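Across the two complexes that follow, subunit A remains constant while its partner is subunit B and subsequently subunit C.
The block that comes next holds the complex of A and B.
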């Protein structure tokens, strides 16, 4: 697996983790607030481990996470979206976990044992994320608001995965792949208007400190 | 939404102890939420989830005839022990 592909996954996890942590304190139920925040934190943990793998043991994962130029980030538009209602938020969570499972499974058979090993480790934690996402999906699957949110986010979710893994995602989600034109608009490599403000906020503290500050 | 009482075991072999509760719409939600509340910091090796409605509440006690010899505070062992030791001449300074 090349560094760009690993960075794509790491950036997805970082930005989604950041986005989802925005629900901390305001999720619909106290228990879900704790669970959702914990999952967001896990995703950021996965991003850190992946960055570390890319930069090597002595490299600076934070620099990779925070110091790149905006156009160097590899995250999919899907994780950048600022979703303000719970139906969309939980629909994205379910779509993301389903797509993530497919790509992590592929990563587990990577010829590089360091990559395969980390993928297996991440997958063990993702098992609980999937449990969480599935239970929400099972509960909301017949609700119109959830169905509409899923349909709306679907072309974005497809953009998370490389071409060869998309058919499997379509089968798992039970929706047809969107037209080329529709999915091209949401492909990795393009960004939404949401990325810049999110990056500004995410890196504000780091940028305000003198270079080389130790945290 | 129903209340679930959560019990947790800190280490294998230790008793399950009441940890707190979660309010959840069904058993799957209760499990997912209890895992995050009572297990994510490595503080538990096992959890029990019990619907609050499955618990029989007992809090009324009749003790009308002052049968205090049944209670642990019925005898003052300390004073009796002291007397017994004095009688036997085995008083020890502690």
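The block that comes next holds the complex of A and C.
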């Protein structure tokens, strides 16, 4: 697995983790405040471990996570979207966890034992994210708002995965892949207008002490 | 210092979030090696997003002066690594210990740590830390924290 591919997954987890943490305190019910906080914490933990793997044990994972130029980030447009309603948020959770399961399964058979071992560890934790996403999917599957949100986000979810894994995602979700080539706006490699403000907020304190702060 | 002494010292370090059990009971010390007076300790996190990771690493370094602590990010930890003594301490403190993976995947039975009843239901897959779920006992009407099987 090359470093760019690992960075893609790490950046997805970091930015989606940040997005999910935005529900802390304002989710529709207390139980979901707790759930989204834990999910965010796990996703950001996975990002940290993946960054550490890329930079090596003594490398600076924070620098890799926070000090790149915006055009150097590898996250998919899907995780950048700022979704303000619950139907879209749950639709993204469900689509993301399904796609993530497929790519993590592929990573578990990576020839590099360090990559495969970390993927297996991540997968153990993701089991609980998938249970949560499935629970909500089962509850909302027949609701028009949820179906519309899923249809709207579907091309973005497809754009999260490399070509060779997309058929499996379509089967799992039960939707057809877009018949035409995916629009550039949905593909990894481009960014949405939402990335810059999110990154600025995420790195504001770090950037305020460029010489390095002691916490 | 010999390896057994290092293990004894590590036994004295409580888990920072569930201090009733030690890091050794939690199963996060993967290996201890002492050679030529040099102590090497392999430590593996429970959950990757655990905020206590750095804290535990420092606690080990303070407890075993001069030890080199290596953080291993592989798949060698699961809740099956929690010792039998550790499970019992968890239960006594009101945390339902994680069932062994093979059992849990087949049975889905969760026992109340207070009254022992299996008439319990899930309130939230997530809880105060990533490693815990919230359940409720329908027999003794007590909410409790379930250590997740992973």
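In the analysis below, the second predicted complex is superposed on the first by the 206 of 215 C-alpha atoms of A that agree within 3 Å, B and C clash if a C-alpha of one lies under 4 Å from a C-alpha of the other, contacts with A are read in each partner's own complex, and residues count from 1 in each chain.
Assume a contact is a pair of C-beta atoms (placed from the backbone, for glycine too) under 8 Å apart; a residue touches a chain by one contact, two chains touch by 3 or more.
The shown structure was predicted, so the numbers you read here are calculated from the model rather than taken from an experiment.
J.: Is A:117 in contact with subunit B, with subunit C, with both, or with neither (first, second, both, neither)?
T.: Touch status of A:117: second partner only.
J.: Using the superposition on chain A described above, determine whether A:171 touches subunit B (first), subunit C (second), both, or neither.
T.: neither
J.: Classify the contacts of A:151 with the two partner chains as first (subunit B alone), second (subunit C alone), both, or neither.
T.: neither
J.: Going by the contact rule set out at the top, does A:139 touch subunit B (first), subunit C (second), both, or neither?
T.: The first partner, subunit B, only.
J.: Please work out whether A:38 is in contact with subunit B alone, subunit C alone, both, or neither, and reply first, second, both or neither.
T.: The answer is both, since A:38 touches subunit B and subunit C.
J.: Under the stated touch criterion, which partner chain does A:127 make contact with: subunit B (first), subunit C (second), both, or neither?
T.: After superposing on A, A:127 lies in contact with subunit C but is clear of subunit B.
J.: Of the two partners subunit B and subunit C, which one touches more residues belonging to subunit A?
T.: Between subunit B and subunit C, C touches the greater number of residues in subunit A.
J.: Per the contact definition in the header, classify A:196: touching subunit B only (first), subunit C only (second), both, or neither.
T.: Touch partners of A:196: none, neither subunit B nor subunit C.
J.: Shared contact residues on subunit A, subunit B side and subunit C side combined as an intersection?
T.: 31, 34-35, 38-39, 128, 131-132, 135
J.: Sort out for me which residues of subunit A touch subunit C in the complex.
T.: For this pair, the touching residues of subunit A are 31, 34-35, 37-39, 41-46, 48-49, 52-53, 57, 113-114, 117-118, 120-122, 124-125, 127-128, 131-132, 135.
J.: Sort out for me which residues of subunit A touch subunit B in the complex.
T.: Residue positions touching the partner: 29-32, 34-35, 38-39, 128, 131-132, 135, 138-139.
J.: Per the contact definition, I'd like the list of subunit B residues that touch subunit A in the complex.
T.: Answer in residue numbers: 22-26, 28-29, 31-33, 35-37, 40.
J.: Could you pull out which subunit C residues touch subunit A in their complex?
T.: 47-51, 70-71, 73-78, 123-130, 134, 148, 150
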